[in-house]
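What follows is chain A paired twice: with chain B in the first complex and chain C in the second.
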Partner chain A sequence: MDARKPYVRKVSKTSWFMTHARYKTYMLHEVSSIFVALYMVLLIWGLFALADGPQAWGNWMSFIESPLVILLSLIAFGFFVIHTMSWFKAVPQAMRIQKGEHFIPGNLIIGGHYAVLGGFSLFVLILAGVA
Partner chain B sequence: MSKRTIQLEVLRYRPEQDKEPVFQTYTVPCEEEWVVLDALNYVKDEIDRTLSFRWSCHMFVCGSCGYKIDGEPKLGCKAFLRDYGDHIRVEPLDNFPIERDLVVVLDDFMEKLQSVKPYLIPKEEKPVSAGEYLQTPAQLKAFKQYSMCINCMLCYSVCPQYALAPEFIGPAALALAHRYNMDSRDVGRKAREDMVAAHEGVWECSFVGACSQVCPKDVDPAGAIQQAKFTSAIDYVTSLVGIGGK
Partner chain C sequence: MARSAKAVPWFLFAAGGTVTAFVLPVMLFVTNIAPPVGLFTDAMSWSSMHDFVGNWLVKLVLLGIIGFGLWHAAHRLRVCAHDFGIRADTPVAAVVYALAALGTLLTIWALLMI
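Take a look at the complex of A and B:
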């Protein structure tokens, strides 16, 4: 006779992330990307407006200059920064660079990413005539 | 050495009498240098011989004594009582069926581990008399970290992906597949690809990263999986443009 009777603990498909702080942080991080996605939609809409001519472009410009959209843009920017930081932090895990018997230190790889980001940002700001 | 008394709250499951697991609290007089495993052994030896739990080496090498201690998966032999309060809760690892008390069912993990062929597949088999398969210290360094896995399964117990999609091969097995794929003496990447590059392989991972946070040997399975994703993506693209087939 088989005396085995393993007990299976159920995992909730809808609230599993409430069981530990690390899962809550993960889910908040994932959910915050909705703001990033919405900002992308806004930018793509702007591109179409640009193609549609001065009238459409003017409408889009006045839309993004409204206080509510500026506030939402600032929130999206905050999440952009958080996602950039967490992405860069994860890079050394996904991209190990070996030189001889040693690996390039993670901080150097992360620093390199920030340097490239800074360079590109400066380039865009110069293009836009801001810097 | 000062004596201290702790309340050890252990999740019990005795299939012949319990419909579901229940907590049982033991009062344990303990020494300053004890770990949770020592307290469990005290219970087994002095209080309740029916308590079941796995352990072997008592020096975090064997990977047998993984339990959830105060909500975090730990090796019982590495969890010092001095780092905990006077009330410690010990449960079996999450995401595995409970066989009895703190003993979980390993079958699923064992099958998955075997499925990724976690052994050296050399280009050509040599007789033992032909000597070792040699490699340089740099070649060893490329995979050594991933070879430190002791199959304690703490990583599976915190992986929400494994909890929600049990077909996921999971962190330790994928890290070990990566370990052999990175080995200069091994040519088995193609043979492991069916499992590793499949949906239930690395692509099921959403990089929560909990596995690497709890790994007692700093294997970083999450990192191994992301690297394997990169290789899998390159393989896919090269096969699309017809230059693959390595």
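Take a look at the complex of A and C:
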């Protein structure tokens, strides 16, 4: 028998993140990985359909345009945006750029990332539009 | 100092997180959200997609996006499993990394057939 009776606060192993707003935000960007994985699987299937021929590609496109997949895509889009925003927010903590005696302010690095994101997205949209 | 193997999944996670952060929102919009409302249907037709992906540079970029994306998701799903109360880290890690490796190989295979 142990004479010690330390107080151990009960923490749920499955819902601990619901106790604090910061933990909820953390879980939100962690859960985005489920949708990233699903989208990668969809893309791999799409590449096989592309290799297979127009009919297989057509089947893949009709799958994408089915109501359930449209709904999941909209949810996935939300999670991808959450991932992008949380990732950019963390960049200055992971990447400290020194210039002379000072560090480049984090907001400048984050802003640069958003500028590249905007430029790249615009480039892809124009490319898809003129194709 | 002891060498750690952690650097490998960590590099893949960071590379994948960066690539997906820049690429996935607009890519999902073009492939999944725009076509149902009638946008980019020409670009998403089989013939123009087949021409586009037929370029070896595009293939390399797609392999980078899907490959790094898979390893990024695998590493985060491993952490997610822990956070949702599954504490068997070794088997979870084996499963998610094996699936990422399989997906990477399948991507290479599919791209070589196009």
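Heads up, the rule we're going with is that the second predicted complex is superposed on the first by the 102 of 131 C-alpha atoms of A that agree within 3 Å, B and C clash if a C-alpha of one lies under 4 Å from a C-alpha of the other, contacts with A are read in each partner's own complex, and residues count from 1 in each chain.
One rule holds for everything that comes next: a contact is a pair of C-beta atoms (placed from the backbone, for glycine too) under 8 Å apart; a residue touches a chain by one contact, two chains touch by 3 or more.
Keep in mind it's a predicted model, so treat the numbers as computed, not measured.
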{"item": "First (chain B), second (chain C), both or neither touched by A:F17", "value": "both"}
{"item": "Partner chain(s) touched by A:S73 [first = chain B, second = chain C, both, neither]", "value": "second"}
{"item": "Contacts of A:G58 with chain B and chain C, given as first, second, both or neither", "value": "second"}
{"item": "Partner chain in contact with A:H102 - chain B first, chain C second, else both or neither", "value": "first"}
{"item": "Contact breadth on chain A, by residue count: chain C or chain B", "value": "C"}
{"item": "Partner chain(s) touched by A:L125 [first = chain B, second = chain C, both, neither]", "value": "second"}
{"item": "Residues of chain A contacting chain B in one complex and chain C in the other", "value": "13, 17, 94"}
{"item": "Of chain B, residues touching chain A in the complex", "value": "13, 15-16, 20-21, 71, 94-95, 97-99, 105, 137-138, 141-142, 158, 160, 163-164, 207-210, 212-213, 220, 222-223, 226-227, 229-230"}
{"item": "Chain C-facing residues of chain A, complex", "value": "13-14, 17, 27, 30-34, 36-37, 39-44, 46-48, 50-51, 53-54, 57-58, 61, 64-65, 69-70, 73-74, 76-77, 80-81, 83-84, 87-88, 94, 113, 116-117, 120-121, 124-125, 127-129, 131"}
{"item": "Residues of chain A that touch chain B when the two form their complex", "value": "3-9, 11, 13, 16-17, 20, 22-23, 26, 90, 92-96, 98, 100-103"}
{"item": "Of chain C, residues touching chain A in the complex", "value": "14, 17-18, 20-36, 40, 42-44, 46-50, 52-53, 62, 65-66, 69-70, 72-74, 76-77, 79-80, 83-85, 87, 103, 106-107, 110-111, 113-114"}
